[in-house]
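Here come two complexes built around subunit A, the first alongside subunit B, the second alongside subunit C.
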Partner chain A sequence: MVPTDLRYTKEHEWVRVQDGVATVGITDHAAEQLGDIVFVELPGAGSSVSAGKTFGVVESVKAVSDLFAPVSGEVAEANAELDGKPELVNSDPYGTGWMIKVVVADVAELDRLLDAAAYEALVAAE
Partner chain B sequence: MTERVTPEAAAAAAQAGPVPTGAAIPPGAGPALQPTIFELSRPGRGGGKVAHPPKDALDRIPAGMRRTAPPALPELDEPTVARHYVNLSHLNYSIETGFYPLGSCTMKYNPKVDEWAARLNGFAALHPFAPDENAQGTLQLLWELERALAEISGMEAVTLQPAAGAQGELTGILMVRAYHRARGDTDRTEVLVPDTAHGTNPATASMAGFTTVSIPSAPDGGVDLEAFRAALGPRTAAIMITNPSTYGLFERRIADLIEMVHVAGALAYMDGANLNAIMGRFRPGDAGFDVMHFNVHKTFSTPHGGGGPGAGPVGVRGALAPYLPVPRVLREPDGTFRLERAGERPRSVGRVRSFVGNVGVLVRAYAYILAHGGRGLAEVSEDAVLAANYLRKRVGESFEIPFDRVCMHEFVASAAGLKRETGIRTLDVAKRLIDHGFHPPTIYFPLTIEEGMLIEPTETESVETLDAFADALAAIAREARETPDLVRSAPRTAPVRRLDEAAAARQPNLRWRPAAGAETPCPD
Partner chain C sequence: MTDDPASSARTTPLVERHLALGARMIDFAGWLMPVQYAGIVEEHRAVRERAGLFDLSHMGELYVEGPEAGAALARALVSDPPSLAVGRAQYSMICAPDGGVIDDLIVYRLDVDRYLVVANASNTAVVSDALAERVHGMRAVLDDRSLDTALVSIQGPESVAILGPLTDVSLDALRYYAAADGTVAGIPALVARTGYTGEDGFEIFVEWERAGALWDALLDASAPRGGVPVGLGARDTLRLEAGMPLYGNELDRSTNPFEAGLGRVVKLDRDVEFVGRAALERALADEPRRRLVGLVVRGRGIARHGYPVLSGDLPTGVVTSGTQSPTLGQAIAMAYVAPGDADPGTMLDVSIREQRVPAQVVSLPFYRRKR
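Presenting the complex of A and B:
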């Protein structure tokens, strides 16, 4: 079951929007598929990200994968704790394993994201 | 009912004495782990007398260049050193101890005669700065090897310089860049790479300054032609394609793909890593490929693994020959050979490696090619494909085969069904294969296959070996259902038990340090 209060991308990122700031991470399904995550590379605060474009890299014992931004905007904060504890992405993907916070430039972009039901259907179809 | 000997029982029977269970063995270690050479060191022990330099020798070295503390070298007698390394070598698994079906790596048996050739004094002892007139034999060998690779691939010219397949890729793509630039065609900034490609392909494109565009696969395992058509355009510099692909499948639409690439004004690069499947049957040059690299250490018999040694020659069609790295080996009208001189071919992409390449690897390739001849090389590929297809059918008895059609030299199997049924993953199966006496196949690659295993038997294995491997996989599938903990805790008979790969990657510990308070010559 995926959290119902979040929005999702086809590339398995999740978004939680609060007061115009989107917190972004990867889903439990993505973390499970990647296996033990050993390194997360994130953009610094102040850099900008664009919806659908890569914003960082996640490396597991199996593979290195791009991270895709669900929304466009300026990065307000990156999760510095992942530097020393990338395993948080595996153990708590929707909580302490979050990756970046983005000041959303265009709220209309959020409408293009998947809701929980649509994301679950996507995972089931894989 | 017959009693099957478990790997544990076999290992226990082979164990000379009781398994030591002392606390000295670190966690994760099996009984056979060896102490490091530093731990074997005893102060003052040595293996012979080394003549001391004259007393004033040190005075001739500038004070600032002299070390202030003695080097931290271990102190041992010669028999201990010899035993240490021989015992370590016994822990090693190689193609000469057993089957090594590591997909994509072509771990074939390497004939000893090729080792003999590479060690001939005239090759092995030749100084890289030797003048051309003293290196005629080696230069002739290199020149003839270029011709042989050109004939095998259908390419027109070859450089032997790159030190490995990945460097060959980079050399090839740098030539593609130079080709477009020379024509003033500078808007071509993208390289198309199918999602089944070797990871080095997108890395190569990036290193050469291009943007990589990933092309998805169609359900049959080939390139999705519609997605490819949509991505192809005036910004496309090249497509990099591995054929056969990393699914072990021959790209059926290869002629269409190359034609579309050329119509769009781009070039076609072939990753020749899987050459072992196609010799004598498919020449990339004839199919229209413009550039390709060869992993000669794989196809042409240099023992490799763990990062080397290799060589990655690159073949090109005529239009790209001006851009080949310098120096090329030239044959003069009088039949002598020489290296190109500086500035002789100004459009070259330059030098990509010191001297003329990894000559030892190239001598082995030359020896292998001549020993087999054209017909023999075709037979190599035929047997490699036959072995892979036989094993595909046998492995298919216990695991899923995602693309169950005739494969080339390797095939993909999947433990996805087993995982759903028992929770046992491909990683567990791979570790358990070690207990059954086999090197595991490549796992979790290609990335697009869930719980994938890429299995490449090569042409040098007997049907008995292939059967034994398939039987081991079937036995592991049974174990996964009946005694899953056995599989989950594998390997149990190896020098070390299951390693914590995540911790190793998160906190790499690459250097041995003495335990606190230990007596050692290594003070830090």
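Presenting the complex of A and C:
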């Protein structure tokens, strides 16, 4: 079961929008598939990200994976706690394992994201 | 993001057990193998602190037998197998005439006229062919028993306590790089004190059909001591911490043993024209083009296979293997660099996604167990 109050990308990122700010992370399914996450590289506050483009990198012991921005906008904050504790992405992907907060530039982009049911169907089809 | 194991991949006799244990399976060298069960870091720590059980049945077992078996291997390999006492083993390599490494191997002398050569799964066919060709014309035969021989390994400080009660082989008397025939859980086995983790441990060769019973007995005996099944993912991080080369990463056909820091394996002080000898003598005499070094990343990031290594503004080499070391908590790597940049302490840069990240040359291994 994935949280029903979030939106998702096909690349397994989630988004929670509150007061025009999107909090972004990767799904439990993605974290589980990656295995033990040992490094997360995120953009600094003030940099901009574009919907569908890479904004960072997550590395497990074995592999490197790109992170894709669900929405465009300016990065308000990156989760500094992941520097020392990247394993939070595995243990609490929808909570303390969040990655960036983005000031949403165009709320219409949110409509292009998957809802929970569509994302679950995507995972089931993998 | 998901691995899709090829349906054509071969399976070991333990595949159903791996699936029942919840392993994630991958295609490795044409074999469907477990890459992880509970998780790479957890499995890695279990081997360092307690014990881990590995299915290595994909590896190649090549027996060379006959009155000239030793002489044939002495010509075929860069080491000197006839110098082994019966019951002992040595790390070896088979090289091409140009000195390039075809595979790295372990050779066991099982009897006066009987040897076992263990090859990497990815190279078993080519090693088998090369050995058959090099043995030809001598009073020795090659018997490729790779698909009849299963291999299960138990590694870690609890290995003796786990294996001891199951076997009639005297483990106290079995030295590192020694092997003895006996039984394990009543199953006829060759028990070798070898491994690829940097820990004490054993590799146990049995008939293909008996592997399931062997695995079950070892897994049952491991559980009370905190031993767990371990996949290829942790096998790779364990060997990397131990500074051991992986064929295809640190070794390949374009690499000679001296560049890899494994010149000790090449026995030139013997009167045998082994394959590759002339080229290897030249390689030893010449200044090497590059050297294999250990790197510890001092900045942020993980150096991975294929990432460029820079010295100042100039390229000096390439990373062959790299990971986040579970034991050290640092990003570690092995890399080939120019000889002038190979001294421990040297500060270099690794190019990680177009960014230069400092890394320091250190002596290998990264991890050495306390004895």
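As a working rule, the second predicted complex is superposed on the first by the 126 of 126 C-alpha atoms of A that agree within 3 Å, B and C clash if a C-alpha of one lies under 4 Å from a C-alpha of the other, contacts with A are read in each partner's own complex, and residues count from 1 in each chain.
Definition applied: contacts are C-beta pairs under 8 Å (C-beta built on N, C-alpha and C of every residue); 3 or more make two chains touch, one makes a residue touch a chain.
This is a predicted model, so every value here is computed, not measured.
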Taking the superposition on A as described, I'd like to know which of subunit B and subunit C A:Ala30 touches: first, second, both or neither.
second
Would you check which partner chain A:Phe39 touches, where first means subunit B only, second means subunit C only, and both and neither mean what they say?
both
Of subunit C and subunit B, partner touching more subunit A residues:
C
Name the residues of subunit A shared by its contacts with subunit B and its contacts with subunit C.
35-36, 38-39, 59, 61-62, 64
So in the complex, the part of subunit A that touches subunit C is made up of which residues?
12, 30, 33-36, 38-39, 41, 57, 59-62, 64-65, 126
So in the complex, the part of subunit A that touches subunit B is made up of which residues?
35-39, 59, 61-64, 86-87
Touching subunit A in the complex: which residues of subunit C?
1-2, 35-36, 39-42, 233, 236-237, 300-302, 304, 323-324, 326, 331, 353
Quick one: which bits of subunit B touch subunit A in the complex? Just the residue numbers, please.
199, 444, 447, 501-502, 505-506
